[in-house]
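Consider the two complexes below, in which chain A is the common component and chain B and chain C are the respective partners.
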Partner chain A sequence: MSDHDGDVAVDDGTRTPVALPVARFDDPHLQPLARHPARTERLIALTMLAGIGGVVWFGVAYVQNYSSWVLGVSLAVGLLGLGFGLTAWGKYLMPQGPFVEERHTLSSTEEERTAMAAAVTERTQVVVKRRGVLGGLLAAGMGLFGIVAIFPLLRSLGPAPGNLLEETDWKKGTRLVTITGRPVHRDAMQPGGIVTVYPLGLEKTDSGQATDQTVLIRVQDTDLVTMKGREDWAPDGYVAYSKMCTHLGCPVGLYEQELELLVCPCHQSMFNVRDGAVPQFGPAPRPLPQLPLKIDAQGYLVARDGYNQAVGPGYWSRTSTPRQNGAQ
Partner chain B sequence: MLRRLLKNRYLLPTAILVVVGLGGFVGLTTAGAQTHPSTATTAVPTLYTSATTTTATAAPSASTGKPPSTTAGASHGGALVTPPGTTRTTARTHATACRKELERISYTSPPNSGSPKTSSHHSCVNGRIRTYGNTNILYASPPTSFEQAGEQLFQQVCASCHESDAQGGPLAPSLKGVGSGTVDFWVTTGRMPAATPLSVQAQTKPPKLSDRQAAEIAAWVTSLTPAPPFIPAVNTKSANLAVGASLFALNCAACHTITGAGDELAFGTNAPSLHTATATQVAEAIRSGPGNMPRFTGNLTDRQVADVVAYVTEKIQHPTNSGGFGLGGIGPVTEGFVGLLFGVGGLMLVCFWIGDRS
Partner chain C sequence: MSTTDAQRPRTRREAKRANPYGHVQKAIDEIDERLGVAKGGRAFLDKIFPDHWSFMLGEIALYSFVVLLATGVFLSLYYVPSQSTVVYHGMYKPLDGVRMSEAYLSSVNLSFAVRSGLLVRQMHHWAADVFIGSIVIHMARIFFTGAFRKPRETNWIIGVTMLIMAILNGFIGYSLPDDLVSGTGLRIGYSILLSIPFVGNYLAVWLWGGSFPGHIIL
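Let's look at the complex of A and B:
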């Protein structure tokens, strides 16, 4: 289509005529950017060889099971080498351009415009019929399908939690055991100690480790009363709190015995053990629920009752006040 | 050549990346490390076996879960050994004195959980309990020959705060009944003598006294009011690292972090890094609960403590670091720093270069 004898107007009858420039071999736009293309090419070749070496090294390292960092370094060397080589080739060895292509005028011809206007205004005279019944049935079918398609999504949400978030497995008389299954005797801990306890038999289950987990702390004085109404919840200095932080549920295992502070490691909520785990600092909105304790006839620690409120972080339908039928 | 380099567009961003990156990198990775390695202690029994009598091996330890017996006559399997060459009546007096002393210093506790009376075996010399424990941990008190030197050292170094008979004063608490293991822990880790006596937490620093001097001070302090824990010698040969790992994660990782790098806690306190702790120090800390650290007694048997100690000394202190460089084991801050500064910064430099017009 183009003519190589200098700038010439091209006209093949279908488009508005334009003047196209003629390419010349000494055009500066066609020259590569590099001042010494041969030297640059050798350098890029070396980079690509390094890349090939890196990729092969990765293959060997993978098959031979070398360390992760060897895999990482070899892959990095390989991909960086090949990538740098490719990019440098494009930047420094290709014609640098820029190349501009003149554009034909975009507006349509007069005949095309009149034909278009006629087609739009006279559409009603086109022979394709509207079929209302079929259209309606199709709409109904697609709509129903849309509704039915949501059913698997809804079921995959799982069963409604029901009472699961309100109740734990701690009941009246549940024995406290450690992670190894050993029940906690009243003489087992010295003042200043802390141990994580679970309901008997549930120490290895999911619900036991998730919602039932409780920290048992022994403080120095044996007649600790954390709050009014909890006079007999802490026998012999043993006091138990839910291990689920009331902020976002992290296990509050960090106990500082001299400060008598339970600290949550996630967002640093600090709970005062002596006052019923009231948060002294941090984002926790309410105290850790306390598990009332009792010492049974053989000297083992048991729960006097379950928790009198839901454990863990809040959600909008839960109440923050303890239940009325809580501990006696 | 140099002038061309200085005029290069990439010089400034690369320089920033290198300087900030290396500086932050070095700073963050050395912040988590302690400034001194603590001296390695030899196993305690080899220091003191010359002074101890032969210990009697025990009846098999009681099964877990059984309530500890509180009657005086039924001590859990340990013979009280009297020194050879004593007559029968003095032997009986010795035995009575030993039994009384055993009762006095023990706290009731499940079997083999660090209390002398319920340990598999114990030994007694001249009415004083010398060792107790089992095959997992042997707790030994420093020999009485150390006491004189210990008293001198105490008066020189410790009495200025703890008072000359260790009853404590406005600057320091009483040391009566703390146990030789406790004293040994505080002195060998360098926390004592304290740099600032009234601070909220005594900091570790290079220990001022040698291990032998620490044992001497421990010998004298414990002679005033003997009490457990004695200085432990942990047998990590048959320790179960998997059990140690899970116990560490449950009990220790909250404060010391899962990599043992230590962490800042509340109100100016901190849990120190575990990377330079010896096996003895770890066991002493577990059994004595120094400072704000809780005291783990009855609910961790000696075997479980040995498992935790083995996990700390083997896995925590020699991490595999399959990524090549652990960055101090501090966690997402350093890792994010490296990833964002070097990774994303480097990528930005590369993108700058790719899109650059000349």
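Let's look at the complex of A and C:
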């Protein structure tokens, strides 16, 4: 510290000394980039004043409870003014350089590394290996603790899924209702119509809206058979499919009426309504499960049975073959 | 800094020569004797930062993170992380009487009722977008200039980990308002989790507390 008369170059052992000369005004490195620094400074000062104005404006706007866009514009003027000022200050008025700093190595010296290796080797041999039994016991104890700790940890996560994912609330004879809770009469829809239906009483619940949601479509012909074995699943041309896309579970809510395609808004999977909702396009791997329907004595649509497979996207333990559930 | 009696400064000028940095030196001495920061601090202040614009991409990420933290704290004071259903009777009349989750209600209130709430929400939203975008471009710069090579492999791995965490955090933030896109995003996240071999259905059901939408995710 006493000889600060010379260069300020400091070698503290970790960095290559940087030749930062004491300010000499003739040094071109220390000259600002601006040709007329005083003029530039005034410009920057103006910018910063505008910034200060913006900040004050923001404060006033907040206190006076002006609308959001005033808050946004005033804050933008404030921060941009100060920011542009700061950037211009650094670029045009500070010493222009270039300055050089050599890369310093990360590694320690040769001696330090040798000493480290010696420490590791010798400590292990002398201190640890001599008491091999203790080391083994400690390792065994900690290992066992790790294993037994898994059980409370697993249990704390919650109950196992079971067949939560396999089943929906649709049962034999469940009435189809719209979001307002109205049952669907056989005369309620024209061919080409589509409505989202839920199991009666569950139309406002989370599980009803997420898992049980089903699209009900009416097609022109009254004897529609979507697949072999589904001969009586679509009475009066009413056909129902799970609304959960088999790709990622988005609601398949778009209906291309002319082509009779159900379209998923997320990734544009298309399902052919007429052929058992087999995917025609897009990433969906499987057809949408079809809900077997029938018409009850009062003329309302009910489920002939529940879905015969898990609805929605796939998972590892998903049963791939449809359940035989007496729908026939 | 050893000063014997003989060297004790007699004039102000001499005192200045003996200790040219005055109070600053004193303060730094006090701090350094306790924390030992002078050496690293000087290296930090003297560090020569590359002039090329591409080195600023990391700064953009850093400062958008600062904005995210500040605005996020503000938002968290008003946001209610609850899925229970309530009826809206707030300032935004078109939604009057609509049943919605408490989380969504608090988001609507943040936009319409909380002073400067919409501004802070928008700042948070855009900062999150800029954050992830700038990280990606920053990582691309590091990749294409070979700055991930020895001895900086650890830095690279930390960077990739932070990018993944930023994306996950972005997804969580996207899900919080419980609006339509949140629900769709959560639905897709749930389905992606479900698709993991062997453990997917366990992970999804545990994280959501039952099958989608569950009751604990918010």
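Quick note on the criterion: the second predicted complex is superposed on the first by the 226 of 328 C-alpha atoms of A that agree within 3 Å, B and C clash if a C-alpha of one lies under 4 Å from a C-alpha of the other, contacts with A are read in each partner's own complex, and residues count from 1 in each chain.
We adopt the following convention: contacts are C-beta pairs under 8 Å (C-beta built on N, C-alpha and C of every residue); 3 or more make two chains touch, one makes a residue touch a chain.
Keep in mind that what you see is a predicted model, and the values were worked out from it rather than measured.
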| item | value |
| --- | --- |
| Which of chain B and chain C A:184 touches, first, second, both or neither | first |
| Partner chain in contact with A:87 - chain B first, chain C second, else both or neither | first |
| Touched partner set for A:72, first chain B, second chain C, both or neither | both |
| Partner chain(s) touched by A:193 [first = chain B, second = chain C, both, neither] | first |
| Contacts of A:101 with chain B and chain C, given as first, second, both or neither | second |
| Touched partner set for A:298, first chain B, second chain C, both or neither | first |
| Touched partner set for A:259, first chain B, second chain C, both or neither | first |
| Chain B and chain C footprints on chain A, overlapping residues | 68, 72 |
| Touching residues on chain A, where the partner in the complex is chain C | 1, 4, 10, 12, 14-15, 18, 20, 62, 65, 68, 71-72, 75, 97-101, 106-107, 157-158, 160-161, 164-165, 206-207, 210-211, 247-250, 266, 312-317 |
| Contact footprint of chain A on chain C as seen in their complex | 1, 20, 39, 42-43, 46-48, 51, 115-116, 118-119, 122, 151, 184, 187-188, 190-192, 194-202, 204-206, 209-215 |
| Complex contact set, residues of chain B against chain A | 64-65, 67-68, 107-110, 113, 246-247, 250-251, 253-255, 263, 265-267, 269, 289, 291-299, 304, 322-325, 353-354, 356, 358 |
| Sites on chain A touched by chain B in the complex | 33, 67-69, 72-73, 87, 91, 96, 178-180, 182-185, 187-196, 217, 251-259, 261, 263, 265, 268, 270, 281, 298-300 |
